[in-house]
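For reference, the structures are reproduced in the following blocks.
Two complexes, one shared chain (chain A), two partners (chain B, chain C).
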Partner chain A sequence: MADSGVTDGFEKTGGIERAKSEGKELTKEEKQRLRKEKKQQKKNKEKKDDRASQESGREKQGVSSAASAPQPSAQSAAQKAPSAVPAPVPVPASEAPAPAPAPADKPAKSKAELKAERRARQEAERASKQGKKGDPGQPGAAGKPKAPASELQPVVKRLPEHIQVDNPDVLKKLAKKLERQQIPLRLDYGYKVSLFSHLHQYSRKAPLTQQLSIPSTVIHPAIVRLGLQYSQGIVAGSNARSVALLHAFRQVIRDYTTPPNEELSRDLVNRLKPYISFLNQCRPLSASMGNAIKYIKKEISNIPSQCKEEEAKSKLLHCIEWYIKEKIILAAKAIAESSIEKISDGDVILIYGCSSLVNHILCEAFEKSRKFRVIVVDSRPRLEGREALRRLVQRGISCTYVLISAVSYILPEVSKVFLGAHALLANGYVMSRVGTSQIALVAKAFNVPVLVCCETYKFCERVQTDSFVSNELDDPDDLIVTRKGRTQLENWQQEPSLGLLNLVYDVTPPDFVDLVITELGMIPCTSVPVVLRVKNVDQ
Partner chain B sequence: MPGPDKETDLTERVEAFLSDLKRGGSGAGPLRGSAETARETTALLRKITAQARWSSAGDLMEIIRKEGRRMTAAQPSETTVGNMIRRVLKIIREEYARSRGSSEEADQQESLHKLLTSGGLSEENFRQHFAPLKANVIEAINELLTELEGTTDNISMQALEHIHSNEVIMTIGRSRTVEAFLGDAARKRKFHVIVAECAPFCQGHEMATNLSKAGIETTVIADAAIFAVMSRVNKVIIGTQTVLANGGLRAVNGTHTLALAAKHHSTPLIVCAPMFKLSPQFPNEEDTFHKFVSPHEVLPFTEGEILSKVNVHCPVFDYVPPELITLFISNIGGHAPSYIYRLMSELYHPEDHEL
Partner chain C sequence: MELQAVLMAAGGGSRMTDLTYSTPKPMLPVGNKPLMWYPLNLLERVGFEEVIVITTKEVQKMMSTDPKMKPDVKMKMEVVCVPEDGDMGTADALRHIQQKIKTDILVVSCDLITDVALHEVVDLFRAHNATLAMLMSKAYEFTETVPGQKGKKRTAEQRDFVGVDQSGKRLLFMANEADLEDGLSVRKSIIRKHPRMHIKTGLVDAHLYCLKKAVVDFLTENKSISSIRGELVPYLVRKQFSNAVNSQKVKDDSEDQTQKNNEKLLISSRDESLLQLAQERSCWNDHRGDMCEAYHGGKLRCYVHIMDQGLCYRVNTLAAYIEANRQAPKLFDEPPVHSSAAISERCQVGSDSIIGAQCQIADKTSIKRSTIGVSSTVKERVKVTNSIVMHGVTIEEGCNIQGSVICSNAIIGRGADLKYCLVGNGQRIEPEVSRDQRMG
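Coming up: the complex of A and B.
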């Protein structure tokens, strides 16, 4: 499987050549197909007769199309796993009608010939699809001229794996991919509430790193450490995670040496892929991390091939530093300056949880001698507000602290609400820590203005309308608490009808939010797709 | 001699009850449900009626009012005590009026009639002595006690009218009434319950374990996730500590957020509250409405130095305005919040609103 991995790499990252050589690509993949076909034929010679009798039996019963479709689709799905499959969802659907007419029409043809026909058809379909698509899963192909920026992009994007946990095909594919990359698969834990059966639910007590050998030969130690920090919650918060990720990648680039007969621009991206899978397994990637990774991959693949290794590496390190400085640090400064205009003397400001950006704004405003006091709202089970409380009290800001259930009691005193965001979605919804939408709702009911502060690198092209379809489930054991010596939920796993739900994110509708403060200015929530478009054109 | 012994015995009982109330409210003693408090109050009032020395209804009412003021002062947030006292006072008035022979309707039109003719007649009316009054009053109080015994069952009997199968029901904290209500429906229908844990006391956990033991599919969520999951909820069923005179609620903290989220998603909010929780108070008494407990529950002492520089609040109750409530289910049936004022006039006499 190792050599197919390398050839896959060539296929995937040869984006620049792909545009010119669609014909060549077909033959390369066809060669692979034929190779695999021959292997399959050898295996299936014994089973041929059985399957022939089964299929003819099924045809007689009239359930051929339904029954034969899953069988070959499962087979070819398994075989396609090693190669790049940009659209797993439409492909099985397209397979299902394809094999159905074939056995019905020509039972005389042999199995191998049918399969070859089918595969040739699929190759043609896939090649045409890849030519049309903007290929979002492979930003290395951004060397292609960015035609999609000026026209509307056709929508078919790959559904991320982590919201398809209820689909066994996707899980199988993921397992194969991780096996190939030599990363252990993390198992789900505990009873999952039925509404969320499409998401993973991991236990904090079983970090992925326990299943790795030390020292790990496949994964760089900085990445292993980062993964552990993510899964244990030591590094939490969208900005912190992105910055930690970029620092770890810097370390990786510093330690990287190009193997002989390889190009840095292609090999380094391949090297990063297993790391990203590993980090994804430790904790699903956030939108900001996704954007950062896209940026790095683009920069790496833009390195000209005649560049020397040392030069290339220093250029990449410089790019990463520029990204951190510009998108995170300078953006925070710009946002703080705009926000300070919105804070007047005598204000009572309410904040929720621990957002590094909002804390920064409040500290800056305090430095500029604005007189205000802060109410910190916190919620179980994460209790992140205590961290924010500590930071603000250290600066000398006068604070009040309540839990989220007391928000209706304290809101009549509040003049403004400042919220941080994890991501801003293209339909204007704000994705943030669970509880943010509640605070915005109650603030709206009391007519208190709600301001969301968010850097533009967190803007995301996804759209979402509720908190169910794409979310993260945290360890359910976190909800257990011991009060007065009694732990009510201790044995929740033994109770058959009891489930615990520990959501991490929720989406706030744009009508609850009055203003979004970004480094590009103060915009209403609905202007997010405009900003995204402007950014895409710039890049 | 039987007289003084009875009296000391009575005062002892009253003192014991008062100290129980004081301890129960601070969270240190055993927490008792409102139904228990109501029953104990009524039993105590019956004892007072039986054993105290009084010659006319007016005397009895004075004694009860005096004891009542002490009891409500012991634990102002426990409104069932005051409610029971007012019920008993109304019973005494009714029994007196019946003994005198005047019809009850006249009494009810009393307020407007008296306003127009002459005020202050009511005081003198209670000076007459009737021999069977004591027995009648005690009998009526016994009826009240039986009514109290049956409230939870009466409410649970209505469960099947409101819950259909495959529903997702949301509730918050722990309410014995709602537990019985859902348990009764679960015997015939299959549905799913989401319980918000209601920090910092996390009584929702106990509710969830009890419900799951009754075979109901239960999920526990953190308070912060109330709005996030509300879009999938079909009904919100809650209990309350008190039903206020305007139809609003004084319920456990977090209920107002729940009510707002339900309103946003147009989900009906059903309150299961027995009649003894109906109180003639209004919510605009800022100082007496809220009750606070130790902030240690919210920010524990282990947090160290920042404790002295931070204000921490831990309110116990929340006010829910009547516009957010869809239906009240009580032991005498279902009502809209706009009907509550009428029920109040049937249960309590306007002069007793101020004890």
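Coming up: the complex of A and C.
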């Protein structure tokens, strides 16, 4: 009787495991059957030997937990479908199918032997699983696809924490991480519009330095200064922020001394992590800054361990200098040269906001005696166009200044539109100052060519099709203006149905962009992934 | 290291000689703590771990020997002594400790009592890469009658004219009434760069300065500057707009020397070119309306933070001293009545009074709005109102003390009636004396 029960159980378990190996999910009945069989087998083995029964209990738990793991991941994968990219499979699920196929292949052996084999194999797998779990399982960077272990299991991409602000668990994790790094947590300010409640919103009047000690010891003074300049907007603009960041890193590296029994390549990277968290708290990092940081970290990790400290430091300083020279200064030169070919005499060029690259191009074109005039389009609350206007007029270029509400009136006069970019995304979308997509849209409607100028170090592997998922919320109080001594929006927080939204970025689809001018040449928007692939191969 | 703190405690207290002829100003008790405890506490609360204290030998001796005078702070204090002849100004003192200074400094005066959020001043210094950042506060009108002053006559204090730009942060102009003979004249270069300037007069300078290291180096070259507040600060404010600083021409020898000095002032961090690049690429400007880049291309910048709320006193006059005694308890959390004071049950001690350690207050006394110092004895049926009694004072029975300041170790005889008097150190007041200084 016992034998047949065991046989039955074995066949059924074999069937279930075969089903798993094919990738089907267990139904409720199959699970219940499995549980019953386990109980039976447990009773049988109690007579034989205790250790065996414990093992079988454990192995079944391992199998059932592995079985239940794919289900929640499937559900959450369904939730996050819009931004999902194939990513790592949860570890237990990958291991569940592995031991399963083996017993199904050899029914000829005796059941006890097979069970013993299975048990031994699962013990080995569990041991390796424990070993893997011991490592701190850090989530992969957003957008980095890893090879999925099983193509049939839907996988979850870990979302970066800065777009999950309305999730209290994520906030708790962030608070813990900052506490560990001894960096104060910056609190969100004011009512957030519901569509954007998943993003941080800080107030400029509450700087992070309020909670730091004054001669800052935890964070290098150059980084504190940089963070302050970021949060107050003194250093604004993608290129400026990257250059200032690298300058601060130069000072950090100069003042760095390797502690005893530590290696420079590992310790310096760990030293930089809290600084980067601090800067992120002051103002969310830009894509260009992210790429610069990746480059620096790679260079630091590549320093051979037998290298002396002085030599290593000078090498790193040299790398930073090289990066700025090649990726920012020379790239700007190359882009200016390519763009000047596109500017002909008699052109009327429209620019938006203050992009350092576009200003550089226009000044260079003017130096080369091209005859053109510029229309500067500006928007509140930043009013950056005024700064662009000042720089161009100082050089002698004749400019017109309008606000963005007048764009459709002025476009009939325009022959070309030059736009700068904050980042170029992997699907060809252009991320730039809020308002850029509108300009591109209107220009498209008027059949005016739109040229985006962007250095390759701003190319980002992220994919975005809308401006909601990942954006930056600036201080809402910037929208408040005082005219004739009256500030109408002074008490906006008391109005329950009023929210102020100050967005910083928006994305422009590639359909509206005719050409992207980079230092590698003039490419269409859809070639961005190619450039990224080429860059990765190079590195 | 980012900032080094320097505490200037060698001042004489020339405007309240009645109090300071026996006790040096840094050691005057305010709320039963020595005056220099307050700036030291401010520095400690903010996170400083070390401070250089510049003081006289007398004060140093008192600090180390006298237990009730010991400022009770956890920071490491490095005491530097300077001679007491009074010729050494604050800038001279900085020159004296030039070797110890390795980085930018925060200079605080020992008579500053404030609860300012120090990061406001230091943030201006950091964010704008300023040469000087200072703290000022709206002046407080002292309304209490000051003992020892006949009538309500107050010496006309020379006003300070402070000019700030529209944001209220950049310091454009600073002059004292004494220096302006025929009216206030503002240079055209300032007006051209900052067409809107707010000139304020009702401000008190807190004597808290953040200075770049280059300024200290500059002081070692220029031995003619002896006071920070009186000479250095106006000099720096003027130099922001000086043409010699911005131009490249080199004239004859004397000008050459000043040129060199000026260049020394302008030496900021290394990697000047990278900072310049970042600023060029940044789309930020501190002003608008003209064709100039951020900061008008000037490298020397002075900033000020003007407090409009909160405590900020400079205890350099008697009126300020009395007011500080009133307000100082808000700055520390200790209970106003010290645990070791022996107060009998039948006396009335008001809630805004401070009783020091080891005091003995006898029956039927009434103490309102007053401060009683350490180890003082107050006998029966004494009324103390609105007064400051320092350490070791004995007040015999039946006295009535109102609005007065009694200095250390004085003895007030039985039944004395003192109104608005100032009793000096170690004085004896005869019994049954009645004095009212208001009457003259």
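Simple rule for what comes next: the second predicted complex is superposed on the first by the 379 of 539 C-alpha atoms of A that agree within 3 Å, B and C clash if a C-alpha of one lies under 4 Å from a C-alpha of the other, contacts with A are read in each partner's own complex, and residues count from 1 in each chain.
We take it that a residue touches a chain if its C-beta (ideal position, glycine included) is under 8 Å from a C-beta of that chain, and two chains touch if they have at least 3 such contacts.
None of these values were measured; they are calculated from a predicted model.
**Q** In the overlay, answer first, second, both or neither for which of chain B and chain C A:Tyr409 touches.
**A** A:Tyr409 sits against chain B, while chain C stays out of touch.
**Q** In the superposed arrangement, does A:Val481 touch chain B (first), chain C (second), both or neither?
**A** first
**Q** Which of the two partners, first being chain B and second being chain C, lies in contact with A:Leu268: first, second, both, or neither?
**A** A:Leu268 contacts neither chain B nor chain C.
**Q** Given the touch rule stated above, what does A:Ser467 touch, chain B (first), chain C (second), both, or neither?
**A** first
**Q** Just to be sure I read the superposition right, which of the two partners does A:Cys354 touch: chain B = first, chain C = second, or both, or neither?
**A** second
**Q** Looking at A:Arg386 after the superposition, I want to know if it touches chain B, chain C, both of them or none. Which is it: first, second, both, neither?
**A** Touch partners of A:Arg386: chain B and chain C.
**Q** On the A-aligned overlay, A:Leu425 touches which partner chain: chain B = first, chain C = second, or both, or neither?
**A** After superposition on chain A, A:Leu425 lies in contact with neither partner.
**Q** When the two structures are overlaid on chain A, which partner does A:Gln251 contact: first (chain B), second (chain C), both, or neither?
**A** The second partner, chain C, only.
**Q** Classify the contacts of A:Thr400 with the two partner chains as first (chain B alone), second (chain C alone), both, or neither.
**A** Only chain B is touched by A:Thr400; chain C is not.
**Q** Can you list the residues of chain A that touch chain B in one structure and chain C in the other?
**A** On chain A, the residues that contact chain B in one structure and chain C in the other are 386, 390, 393.
**Q** Within their complex, state which residues of chain B touch chain A.
**A** 197-202, 205-206, 208-209, 212-213, 215-229, 231-232, 253-254, 256-257, 260-261, 264, 290, 298-299, 303, 306, 309-315, 318-319
**Q** Within their complex, state which residues of chain C touch chain A.
**A** Residues 1-5, 46-49, 106, 117-119, 122-123, 126-129, 269, 271, 274-275, 277-285, 288, 291 of chain C touch chain A in their complex.
**Q** Report the residues of chain A in contact with chain C in the complex, numbered from low to high.
**A** Counting only chain A, the residues touching chain C are 207, 209-210, 212-217, 221, 224-225, 228-229, 232-237, 239-241, 243-244, 246-247, 250-251, 324, 329, 353-354, 356, 384, 386-388, 390, 393-394.
**Q** Residue numbers of chain A touching chain B in their complex, please.
**A** 193, 195, 379-381, 386, 389-390, 393, 398-410, 433-435, 437-438, 441-442, 445, 466-468, 479, 481, 483, 488-489, 492, 495-503, 506-507
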